[in-house]
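Each in structure tokens, the structures are laid out below.
Two complexes come next, and they have one chain in common, subunit A, joined by subunit B in the first and subunit C in the second.
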Partner chain A sequence: MVGIVIVSHSPLIAAGVKQLASEMAGEQLRIAAAGGVDDHTIGTSVERILEALREADGPDGVLILVDLGSAVLSAQAAIELLNEQQQAHLILSNAPLVEGAIVAAVEASIGRPLMEVNRAAEQVATLNKLG
Partner chain B sequence: MVTKEQIVRWLERLASVLAENKAYLTDLDSAIGDADHGTNMARGFAKVAEKLVSVADTDIGNILKATGMTLMSSVGGASGPLYGTFFMRGGAVTASREELSVEDLGEMLHAGMQGIQQRGRAIAEDKTMIDAWIPALAAYDTARIAGEDTAAALRRAVAGAEAGMKATIPLQARKGRASYLGERSIGHQDPGATSTYLMLKALLDTLESS
Partner chain C sequence: MPEISITIQHKAGLHLRPAAMFVRTACRFVTNILVRNDTRGGDYKNAKSTLSVMQLGVNQGHSITVRADGPDAEAALEAIRHLTDSNFEDTGADMPA
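Presenting the complex of A and B:
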């Protein structure tokens, strides 16, 4: 199963998105939160992202979802610190964080491969919620 | 020539300079950003100062890499991965060195700046720290090629960074949080260009005081 990492400036948002996605996709989901500089400080941390990548890692790869700004730069910096073999099964997604995480969680939980999980999550950006 | 001890003193000095300038940088950032640059940089370099205790006896490359990794994990805002990458790349080209010649320091600064450009994808006149780095390193290179010593070349670099920093005032931001403001970002000095100036000035002051 594809793993998922949630990167947000806020520890509460990262933990909350993880909670919501797990609720939608079931307990077996491999999902880790990397929010804040620490549990009380808004920002992003390369160290926290690396820890979350280790936690969510598995044979099917990991999708990284970010909020914006420094979350993107910190995620890219974290990826650069890994070796080529590790980098090859990671995707930094352009998907919106909350909706993207829910879709990615569901797709991952039914065993879809990494590329397809990302494609489904990124497509949410054009979803018309109001029908 | 810059010795390993001077590199350590530079980073320690930078921690105090950024603590002293915390309110100033945050004021600049509250005009066009999210008002956290001063707090973020002061927090990051306070962590660097703590980390230096355990790495000061290693080599310049290792000291710079440890500084970069610490900044990436403690600054919080975009300046964390940007300055973090600067020090990581600077450390990669100074591995196992105990001192840096005027050429070595130039190579270190260029590798660092290229890292910032690659990470942030900013170009000249986007109203970012790059607007201080570009004129600073151009001035450094000119002085180095003319045969000036490290302190003299750095003095030119600091003047270049200061001019570049002030030249961000009339620019409209095209990167980061400030770019959301559009034309309202005009008329304010960029906080990242300001911390870059402070960083180079702290290095010059370290060389001149020893």
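Presenting the complex of A and C:
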């Protein structure tokens, strides 16, 4: 099963998105939160992202979902610290954080491969939620 | 092709948690499963794709048709019928919809 890492400037957002996605996808989901510089400080931390990548890692790879700005830079910096073999099964996604995490979590939980999980998560940006 | 029609009673329609449960139920079967929102009209979509199901825009009271055409089609439709009959096993107002 594809693992998921949630990167947000806010530790509460990262933890909350993880909670919501887990609720949708079931307990077996591999999902880790990397929010804030520490538990009380807004920002992003390369160290926290690396820790979350280790936590969510598995044979099927990891999808990284980010909010904005330095979350992207920190995630890229974390990825650059890994070796090529590790990098090969990571995708940094352009998906919206909350909606993307929900779709990615469900798609991962039903055993879809990493590329497909990312595609579904990125496409949710086009969903008309006002119906 | 075996098919069933269902009216969705869940207050949130086929969004978020009900959509996730719908897709996860469909994925337990090998058969191709298609679903259409009869109330809005439109095309049949893949019932095993979270995004496709959410894109149907199924609200409370909408009717859907579910079609399956593989070896376990009947079992798949029965499982989906059971899920919707149980109103997505909704036991409390505290569950996200």
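Methods note: the second predicted complex is superposed on the first by the 131 of 131 C-alpha atoms of A that agree within 3 Å, B and C clash if a C-alpha of one lies under 4 Å from a C-alpha of the other, contacts with A are read in each partner's own complex, and residues count from 1 in each chain.
The working rule: a contact is a pair of C-beta atoms (placed from the backbone, for glycine too) under 8 Å apart; a residue touches a chain by one contact, two chains touch by 3 or more.
Quick caveat, the model's predicted, so the values are computed rather than measured.
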| item | value |
| --- | --- |
| Partner chain in contact with A:Val46 - subunit B first, subunit C second, else both or neither | first |
| First, second, both or neither for A:Ala25, with subunit B first and subunit C second | second |
| First, second, both or neither for A:Asn128, with subunit B first and subunit C second | second |
| Which of subunit B and subunit C A:Ile91 touches, first, second, both or neither | neither |
| Which superposed partner A:Ile4 touches (first subunit B, second subunit C, both, neither) | neither |
| Touching partner for A:Gly69 - first (subunit B), second (subunit C), both, neither | first |
| First, second, both or neither for A:Ile110, with subunit B first and subunit C second | second |
| Subunit A contact footprint on subunit C (complex, rising order) | 16-17, 19-20, 23-24, 27, 48-51, 54-55, 57, 59, 96 |
| Sites on subunit B touched by subunit A in the complex | 36, 40, 43, 69, 72-82, 84-85, 119-120, 176-177 |
| In the complex with subunit B, residue positions of subunit A that touch it | 9, 36-37, 41-48, 69-70, 73-74, 76-78 |
| Complex contact set, residues of subunit A against subunit C | 20, 23-26, 102-103, 106-107, 109-111, 120, 123-124, 127-128, 131 |
